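Attaching a single structure in structure tokens format; questions to follow.
The chains carry the letters A, B, C and D, assigned in the order they are written, with residues numbered from 1 in each.
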Amino acid sequence: MMSQKEKSVFSRGPDLLALPSQSRRLRMGIVGGGRISKVQSLGMRLSDRWEVSAGAFSTDRDRSAARGREWYLPQDRIYTDYRQMAEVEAGREDGIDAVTITTPNDSHYDIAREFAARGFHVFCEKPMTTSVETSLELVAAVRSAGIRLCVAHAYAGHAMVRQAREMIRSGSIGRVRQVHVEYAQEWMLGEEIQSFSHVKWRQDPARSGGTACTADIGTHAHHLAAFVSGLEMTRLRAELLVCGPLKQLDDTVYVNARFEGDVPGLLWASQVAAGNFVGLRFRIYGDTGGLEWDQEKPDFLYYSKVGQPAQVVRRGYGGGNSDSVERLTRAPAGNAEGWLEAWANVFAEFAADVAEKKGLLLEPPVPLFYATVEDGARGAKFVEAAVTSDRAGGAWTNCQIEF
Amino acid sequence: MMSQKEKSVFSRGPDLLALPSQSRRLRMGIVGGGRISKVQSLGMRLSDRWEVSAGAFSTDRDRSAARGREWYLPQDRIYTDYRQMAEVEAGREDGIDAVTITTPNDSHYDIAREFAARGFHVFCEKPMTTSVETSLELVAAVRSAGIRLCVAHAYAGHAMVRQAREMIRSGSIGRVRQVHVEYAQEWMLGEEIQSFSHVKWRQDPARSGGTACTADIGTHAHHLAAFVSGLEMTRLRAELLVCGPLKQLDDTVYVNARFEGDVPGLLWASQVAAGNFVGLRFRIYGDTGGLEWDQEKPDFLYYSKVGQPAQVVRRGYGGGNSDSVERLTRAPAGNAEGWLEAWANVFAEFAADVAEKKGLLLEPPVPLFYATVEDGARGAKFVEAAVTSDRAGGAWTNCQIEF
Amino acid sequence: MMSQKEKSVFSRGPDLLALPSQSRRLRMGIVGGGRISKVQSLGMRLSDRWEVSAGAFSTDRDRSAARGREWYLPQDRIYTDYRQMAEVEAGREDGIDAVTITTPNDSHYDIAREFAARGFHVFCEKPMTTSVETSLELVAAVRSAGIRLCVAHAYAGHAMVRQAREMIRSGSIGRVRQVHVEYAQEWMLGEEIQSFSHVKWRQDPARSGGTACTADIGTHAHHLAAFVSGLEMTRLRAELLVCGPLKQLDDTVYVNARFEGDVPGLLWASQVAAGNFVGLRFRIYGDTGGLEWDQEKPDFLYYSKVGQPAQVVRRGYGGGNSDSVERLTRAPAGNAEGWLEAWANVFAEFAADVAEKKGLLLEPPVPLFYATVEDGARGAKFVEAAVTSDRAGGAWTNCQIEF
Amino acid sequence: MMSQKEKSVFSRGPDLLALPSQSRRLRMGIVGGGRISKVQSLGMRLSDRWEVSAGAFSTDRDRSAARGREWYLPQDRIYTDYRQMAEVEAGREDGIDAVTITTPNDSHYDIAREFAARGFHVFCEKPMTTSVETSLELVAAVRSAGIRLCVAHAYAGHAMVRQAREMIRSGSIGRVRQVHVEYAQEWMLGEEIQSFSHVKWRQDPARSGGTACTADIGTHAHHLAAFVSGLEMTRLRAELLVCGPLKQLDDTVYVNARFEGDVPGLLWASQVAAGNFVGLRFRIYGDTGGLEWDQEKPDFLYYSKVGQPAQVVRRGYGGGNSDSVERLTRAPAGNAEGWLEAWANVFAEFAADVAEKKGLLLEPPVPLFYATVEDGARGAKFVEAAVTSDRAGGAWTNCQIEF
């Protein structure tokens, strides 16, 4: 038998995700066939909690079939119409447990409503909907259907993001006094890209919801700031900017923010910041310490306590990881984890919640931290407030939402 | 339709592994139930080429069953005896296509022989066997059975390791003039760990094959040096050392090496180098440039061309990745990949080869680079030569092998 | 004789500062005796262009004498009154050529006027004066006296800051589209420090000029942004904040900016950002590339050209340093330079200008880039505009100045 | 008056070197006029303990005069013959206190003897002499003359090297178990450089002492290993290699070492390791922790205690710097120090010792750590042992020396 000590040494190493076991893998249906649907599918597989069991990948039969083959789906689980998928799957004994929505922003609401109404749980790409109004309607729909909805803020699934959150909650940096968060990319530079289909709908106000960069990546930064600091953003002043090739909507946004307790902060995002790929970073400063994290090196969290040498807190063995963080770890300290692990963590937490609802959980539930439908509504409010503030010349604008 | 340009922009982003498609996922049986079997299983799932379909996880029925449940296996695919698994699975229509061997070193040979003899393909933990003699017998057995054997040198599956290899082959650093490789860990420090079961068999000459650190991690460094430089190690001088708590076998090894063309190099490995988790790193210097890589930040490859600013070559978009590297990529540049992706790449390449043998490949085959049974024999020769040299006071000793 | 090639290889290495030679070292008098006066003195010595020849280090005779001994000054060059020093030194044949002013902000103006009026050249700590009005009067005084005034923006003396400036001027990143600059410190955290003398005058509006953090370090960030980007800041919106222990003036400032050509940017500075020592950093994004620099690792400049691997541009040999940068280099590439070299560079450039005015230059003059009296006035305007904007609730405020 | 607390906060910041004050600056004569003489001169100036007062820069009158002008020397202090300089300066009231020898290796011994015999203190470039025999004769000469000799191991003057040494002495990593040190450069790549004068004498066995890379940079690594670990190297096995363009002597050396207490280690040096400028690095592993340092980022020392997050120990404020380290600091934490500070520290320590000998010290002496004539002899022994071992096919060879 393993001693306590031996267990603790073993726990330095890899383990299956230490969330409660389920009696079976859950079955996911996919709506949409873009690249993000592939990424999500890999996250699901890695989570070992989900199988891709059905999909409406495209309204074009051949394209949908081709994508379905990638997941080895039988013909009768490949659809061209999400409504049909909802109806057929609802009638199957081995039908899907949940659906993931990976289509353009303006369609999220209708699809989510359709599946929620039939009792399917929903995983939804961000931004959840394109208006505060629809997001609140979706909150109501989800609540009334009694289903779970998870918004795809995958970055919050990184173990070291969880570690930062836990450290702040336990007082490692004292009272939070400033929140800096940024998300810098470069991919919208270049003239030719402006005409590509996945750029075009993002630049179409009707489909994207009135902002491009703000909705697309600003919402990630907004969610991460609150998730880690433990403080919701309450008001903001925003500038929506075009800093790259001429276009209809913003490719850059600067936000001056106040968080709960009147804590100030800065948030900026840009898709034309040359040299940046996925430059999502936070720096949170408290009375007695600070924390920094960069998504591109996700295993490393930099912690400074005033008057002491800075520490490099790492996933896994090495001191300091909280239990709820070790639970989300698959590789030993020193063997890198990455973005797909973050996705897998979010899918695993979502699975644990869905499994509990369906009576498939084999162990007692644990606290879960995925982004909920309410978080999705907070993101919609953030986007709306940014637009409002920008139109008012950068006036302070409320961005908090009541449920 | 997507233009060529649009495709190239899209190719910046994530894609399913771009190896030839298969008509179905392959079925893997697992022998052994330690942590590495879990890691491998996650790698298989992430590869989307394999399912865990059967397992002899332990000779203890309850332990084997418990582990089987983690992979949602039905009772009749969970075994306590690998021979029985081989026999039963060979008789099933939906039987396994291959087996992975994750047991202690001294058992690899017998298990591999058993499955090879029945025509199963074999995935084998390193070191492949504990002697040159048995490794050569396994080479013969594999060849005569006409099956594929892959040795678990997962680090060679990292995209940036492939990139380094490709750059060297294409002349980016000129003629290779020095090869430095090291693998530093710290986990064997601490008195209590010496009595743990997974340490004990590694320190038992009969089970490990006469060396501990050299066989366990030295073989990874040995394989990586040749894989990246394109040059096999030909002779060596070695010191086997105990630099941590007293123990029977080496926890540290220093190797002076010569590679093909009489290129000199240094290889060292230690499991008691405080502050190191998985410090596998190479630095290869040529006439006109150099390349450096650190496994703990696997997405970054440092390339210096004499007289020019150093470059940070990154997986994915950003210039310079070769096709055979992009083929092994799942996340866009900037979204981190890690160790499980490296495992998944090796499993995917092994799958492509197995699928071709079985007529399940849907597209033409591509070049594959996983470690073969011959590479496994080279590793055994390296270990044997290191022991021989150490016993002879560090004499130069041949470590090349003829097949 | 050295060949051209040999010379170029040699030039990889250290050399005395390659600015025009002078027939003698210049003589500097110091007003003020705080730590920055010591730092400046080391910078002067390292420049090999200056000797500390006199000083009014304190109004207390003993303290002034003690500090004078550190520079091995004879008794008759140690003063307790800067006016007396000005008068006496003006009458000596071997009198000082210039004076450096290292006293609290509110005294700069009077001291500079006094020495300028007597024809001494002036080196002045930042902020140059505490109001736009006095700064413009000082511009007029300096012009009318025909002397040189250098403001102590030492960070602009770092070789890699010059390199960034040169690269932007030569088009390496295309048209500048965003300017991000920040200066984060932590030293104002801690309750006890609030009562220290060097903090107290900074927090006294009458002595500091109405802002603390903004004047103290915000002006450095403001100068650096314009110096590197080549674009002056034209208007701003500012928030002056207290994010650390309660105090009278700002310890943090957030600035939304526009630069010439309506280029947007963000500038923030904080003296209570835990974990930061001297976190002065810029990131400048253009149409085709970006540049990043961190003062704490000053020898490394990160350059990204869209579609190519990022480059680490280094001081000295290795490609890419422009002539005007190599001119400011003392150590070979790989041997670190630091803050005192930056000071030495500024003092050396100031010396070259003073020597030319005095007919002491032995070679033709070269372009010089130190911060002038006009730059000092720009800094005063920046501070004033930040206060004005903050009081107006963050309204856009002009911060450009006409001369 | 400053409170204790205020003093401690102030001590975070820059200060003049906190070694004992001297009643005057010491006067240095220079023999040799290459680049290293300039570097040394800058180190002297920065130390504020020395003035360059005389020099025999070249046997060519014009060249010597030109170099003398760079230090503003009067004509009568510029020599073309070091013997003449020794004689004349010995007769001057304001004559030099010490001499620094920056000529090719084979001349060090004669020059040092000449000046020692006249009672001048000596600062000597490494390697001190080209044989063990002459180095021991120099030890005897220095002892008999009662003068001080300092060998130019400037890297040991870096504050963080001192910090590492202090941490090891105070038990921060437990008992030292492995010592890894390396010094990688690239400048000897390239065909043309082989014909340059400063390369030619290094490649001439008669002038360099039988090795090139080993004597030139191997001795730095050898000194640093012992200095930091506190353990002298006792025996070694060495390979002298040519890994770059064909040449007469080694451009690369690999050393397997034993240190006092039979502690194993590896030392390697190469001047043809593409991508390396001044890659002098150590990694020292103990029972309970490890320390890493890279000369190219000298302000950062990485400290790992087993089972705790790694720490970034920095010069200056931030916790953990010992008194003897803070004494060598000029810039506040966060403002970078570099190579010239290391030189200045060595010159300052040498000055303190010389000043004490000459009765010029104004305060009680403190412990000093510069490399002595005995350290120089240890370096000569190391080089000789490496050659002996290499010729004997890498046999274990004693490298300890008795005095």
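Couple of notes before you dig in:
Note that in this section a residue touches a chain if its C-beta (ideal position, glycine included) is under 8 Å from a C-beta of that chain, and two chains touch if they have at least 3 such contacts.
Please read these numbers as outputs of a predicted model, since none were measured by experiment.
Each of B-D and A-D has its own count of C-beta contacts, and the greater count is at B-D. In this assembly, A is the chain whose CA centroid lies farthest from the centroid of chain D. We define each chain's centre as the mean of its Cα atoms; on that basis chain B and chain D are separated by 44 Å.
Separating the centre of chain C from that of chain D, both taken as means of CA atoms, is a distance of 33 Å.
Here the CA centre of chain A is 54 Å from the CA centre of chain D. Taken residue by residue, chain B touches two or more other chains at 190, 276, 303, 310, 314, 317-318, whereas all remaining positions touch fewer.
Taken pairwise by the contact criterion, the protein chains are fully connected, each one touching every other.
Those residues of chain B that touch chain D in the shared complex are 173, 177-178, 180, 186, 189-190, 237, 239, 241, 243-244, 252, 254, 256, 264, 266, 268, 270, 272-276, 283, 285-292, 302-306, 310, 393-394, 396. Note for the complex: chain C touches chain B at residues 303, 307-314, 317-320.
Taken together, the chain D residues at the contact with chain C in this complex read 2, 5-6, 9-10, 12-16, 21, 24-25, 35, 38-39, 42, 45-46, 48, 69-72, 185, 187, 190, 192-193, 196-197, 276-279, 295-299, 314, 316-318, 330-341.
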